[in-house]
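Listed below are the structures to be examined.
Here chain A shows up in two complexes: once beside chain B, once beside chain C.
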Partner chain A sequence: MRKYVFIFKSEVMSSLQYIWNILFGFLGYLVILFIFFQLWQYLYSDPSQVIHGYTMEEMVWYVIVTEVLWSSLGGRKLCMKISNDVKSGNIAYNLCKPYSYIGYALSSHLGSILLKFIIYVILGMSLGLLFLGSFPSISILSILVVLLSSILATIISTLLITFIGLFAFKIEDANPFYWLYSKFILVLGTIFPVEFFPQVIRPILQYSPIFAVTYGPAKLFVHFTLENAIEVLCIQGIYLVISYLLCLWLYKKGVKNLNVNGG
Partner chain B sequence: MNVIEVKNLCKTFKVKKKEKGLKGSFRSLWHPKYQKIEAVKNIEFTVEKGEMIAFIGPNGAGKSTTIKMLTGILYPDKGDISILGLDPRKARKKLAYEIGTVFGQKEQLWTHLTPYDNFKFFGAIYDIPEEAVERKIQELSTLFELEEFINTPVRNLSLGQRIRCEIVASLIHDPKILFLDEPTIGLDPVVKENIRALIKRMNKEYKTTIFLTSHDTSDIEKLCKRVVIINHGELVLDDSMENLKYHYLNKKIVEAKMKEKVNLEDEDGITILKDKGYNLKIEVDTSKKSVADALKLLNPDNIIDINISNIPLENIITEIYKKEEDK
Partner chain C sequence: MLTAVKNQGKISILSIKYALMKEMLNKTTFLTNVIFMILNNASFIIQWIVLYSIQDNIGGYTFQQVLLLWGVAAGSYGVSHFFFENAYELAETITDGKLDAYIVQPKNILLSAITSKVKTSALGDLLYAYIMCVVVARSFSSILLFTFLIICGGIILTGIAVILGSLSFWFKRADMVAEAGNGWMTNFANYPDGIFKGVVKVLLYTLIPVGIVNYIPVQLLTHFRLSNLGIVVGFASVIILLAFIVFYRGLKRYSSSNLMSMRI
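After this line comes the complex of A and B, so read on.
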């Protein structure tokens, strides 16, 4: 375990070089939030109105949380890195090091986004307070559970994107699959809560990765109950195991048939 | 004691073959054709503990594929490999603790971190206790003279400094065998010489077995006592450097400065390489004519200055590669 902590720490040290990039990147996040704040203000004729179980304030907080989770993730970069590692044969050079590539990819990516995640959480919460004036009802327990759920969501997202990146073992370019996945999460998982979609597709969305990577933690932030918390954490636990096993399976299958050009 | 044992090692790659032109591109969508390339064919060799061996061959000969199979990066199709008694296919992780690798064309250091932080990172990767890593960094930074730049980010180092750090990073866990794949590629002659001296010192101090591939004959000549040549995936030569240099071609180069012009012509055992009247350069095949006989032809009284040397190693190796091509 110490080696993965060290990989994580090394990436955190490395990311400190890019602190200004992170801060400038937040500008895009700011624009998205502002647009949604205006949209919800327009859609909710009265701030106390409730649509599909959400008040306007809750809707804005929902988007703030899902966008923090999705924007700080750096999924496109991760998918490209994994896919390039496979295509260039770089992945092979990890085989003669005493660590698991999946563990390496996970700890290295989490380390590289830690700073971004913290900055986005602080700035996102500050913006929410600025726009709305107050938090939804929160307690120390709810904050701790939401934080834990957000960390789990980031780990699951990282594993799922790593899995997509590893498609490069089979196909030339994994990026189109990432594009589809990211649009799926963006449209169905960050902008609107699952309750806003037709009854027919709700069960599918409810148990899709959306639940584990965005909807679950955001829902807990706006509507915290102990039952919700247990349900979200249990589903995230299952997703964590499944996504890890998927990565391991594809990786093991891939490296057996690996062709690395000579030098 | 053998630390590397390779028996009947084979590796074949399946490479997609595309037909010419647009039509061919469309056809290969539905009926892809594959070509089998035998990269390594039945090779066998052993390496003893503490040996410095050069494993060489022209581009595409199969040397990197062999190294990758020895280090567990690639799975062989057939054959047996034993590295320190371990099979890289079955005990890849265990083997990783015992060997070090430096691929001259692949960076393993984190460029944003300093060499010191990189070494600490590698120490953690290999589960070495903190104090032991500190001790090792101190020891290796003295041996490889890294003190001046050990706290400078790797991206700001020169290529020579970076390669020294790459080698140190691969030695942090005290590997018993070090695989060096073109470690001096792209370096200037002075830095190359420096790296060679350091590798030699390391081999002497730690008794590390060195498995080296390089296209630079000076690397091979100055570091290794044994040469293994591979071409078209087959082992074509496995001999000591001494035998290769002094006996393989049985040829000597004689360069002489003469008082008077000599009219010498090619004959059995003698080839004139250069004839500028007073300056002569001839090649003597000692299996057909002795050097003494060649000198008699020049008339020793007529010689002002003379230099007798071996054929450069580069020429010998080129000759071996060519011989294989002709076969």
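After this line comes the complex of A and C, so read on.
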């Protein structure tokens, strides 16, 4: 475990060198939030209106939390890195190193996004306060649970994207699969809560990765109840195990067929 | 003069052709990129179905008009990224000293640099754009007008990318500014202008000209007005001119340390 903590720490230190990149990246996030704020302001012509159980304030906070989780993740870069590691044969260097590639990918990616995550949380909350003028009424304990759930969501997302990146063992470029996955999360899990979709598909969405990576933590932030918290954490626990096992399975299957020509 | 333009055109087409041939070496990857990009764009239809289940009209746009807006946005993006992908990497090309390879070529440096790479997935954007156009517009004249408008849009997007990328001649970290600026053009492009108010709306027709690349073309496709077409064509011409001026002014400041690299 200590070696993974070391990789994590090294990546955190390295990300400190790119603070400007993070702040410029935030400009993109700011625009997305601004667009959604305008959109919801337009749709909620009466600010006291409730649509599918959400007020305008709750909708804006929901989008802020899901966007913090998704935008700070840097999924495209991670998928590209894993896919390139496989394509270029770099992955072969890891075979002789005393760590698991999945553990390395996870700890290095989490280390590289920690600072970004913290900055996005602070700036996202400040923006919400600026747009709406107040925070949702939420206790300190609830904030801690939401934070724990957000960390779990980030770990699960990282593992699921690593799994997609490892598709490169089968098809040279795994990025198109990532586009589809990211749009699945973005359209069905970031912009609207599950309640906005037709009754027929809600159960499917509720137990899809969307629940673990975006909807769960955001729902807890806007509508916190103890039952919801237990349900979200339990489902995240299950997804954590499943996504790790999927990565491990695909990696083991992939390296068996690995051919590296020269170097 | 005319022969020089013709020759340059031939060279640019050849450059794009060879870049495309390189991308097509792996057929499966090529096809996956194109097909998945179409699916990727189509997934946003779900978002609009949900939004239109709340209200019949969003920002003055019907559902059909939003599909057309997506078509225009994807088309302009597709034209720009397919033919001129390297315009989006111009900042890194300048910073890393990779412009040397284009300077020694006997043709237009800017055109050689920006046409040296194609983005395969942008073909998916272009196909998706035409699908949307055919679904909504359904007439040959509309498809012709659509083609003309997305070419103008693509040229404007490329011009903006060149201007932002050329800032690297003067500033460090201009790549981040370029990335943010190009990102803004894409982010605003997919939402009706009616949801924006005040200063933002003015910005969308000036500093961040999403209105000229996307909103006016949608208006033109639904209610044609010659004056609006003039705005799009005029703006595209001014942007091209500006892009060339900024790039060549900056080029005078360019120096490198004789980077040795191999382009395959």
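The rule is simple: the second predicted complex is superposed on the first by the 262 of 263 C-alpha atoms of A that agree within 3 Å, B and C clash if a C-alpha of one lies under 4 Å from a C-alpha of the other, contacts with A are read in each partner's own complex, and residues count from 1 in each chain.
We adopt the following convention: a contact is a pair of C-beta atoms (placed from the backbone, for glycine too) under 8 Å apart; a residue touches a chain by one contact, two chains touch by 3 or more.
Because the structure is predicted, anything quoted here is derived from the model rather than measured.
Trainee: In the overlay, answer first, second, both or neither for which of chain B and chain C A:Asn90 touches.
Mentor: Once the two structures are laid over each other on A, A:Asn90 reaches chain B alone.
Trainee: Answer with first, second, both or neither: which of chain B and chain C does A:Val200 touch in the superposed model?
Mentor: A:Val200 sits against neither chain B nor chain C.
Trainee: Can A:Lys256 be said to touch chain B (first), chain C (second), both, or neither?
Mentor: After superposing on A, A:Lys256 lies in contact with chain B but is clear of chain C.
Trainee: Based on the superposed arrangement, let me know which partner A:Val187 touches: chain B (first), chain C (second), both, or neither?
Mentor: Once the two structures are laid over each other on A, A:Val187 reaches chain C alone.
Trainee: Once the shared chain is lined up, is A:Arg2 touching chain B (first), chain C (second), both, or neither of them?
Mentor: first
Trainee: Going by the touch definition up top, name the partner, chain B or chain C, that contacts more of chain A.
Mentor: Here the partner covering more residues of chain A is C.
Trainee: Give one of first, second, both or neither to describe whether A:Trp179 is in contact with chain B, with chain C, with both, or with none.
Mentor: The answer is second: A:Trp179 touches chain C but not chain B.
Trainee: With the touch criterion stated at the top, can you tell me which chain A residues are shared between the chain B interface and the chain C interface?
Mentor: Residues common to the chain A contacts of chain C and of chain B do not exist here, since the sets are disjoint.
Trainee: Can you list the chain A residues touching chain B in their complex?
Mentor: Of all residues in chain A, those touching chain B are 2-3, 5-7, 10, 13-14, 17, 90, 92-93, 95-99, 256, 258-260, 262-263.
Trainee: Using the touch definition from the top, list the residues of chain A that touch chain C in their complex.
Mentor: 20-21, 24, 27-28, 31-32, 34-35, 38-39, 41-43, 51, 171-173, 175-177, 179-180, 183-184, 187-188, 191-192, 196-197
Trainee: What does chain C use to touch chain A in their complex?
Mentor: Those in contact with chain A are residues 26, 28-29, 32-33, 35-37, 39-40, 43-44, 46-47, 50-51, 54-55, 58-59, 121, 173, 176-177, 179-180, 183-184, 187-188, 191, 194-197, 200.
Trainee: Which of the residues in chain B come into contact with chain A in the complex?
Mentor: 13-15, 39, 59-60, 62-65, 68, 71-75, 92-93, 95-97, 99, 101, 103-106, 108, 110, 112-113, 117, 120-121, 124-127, 181-182
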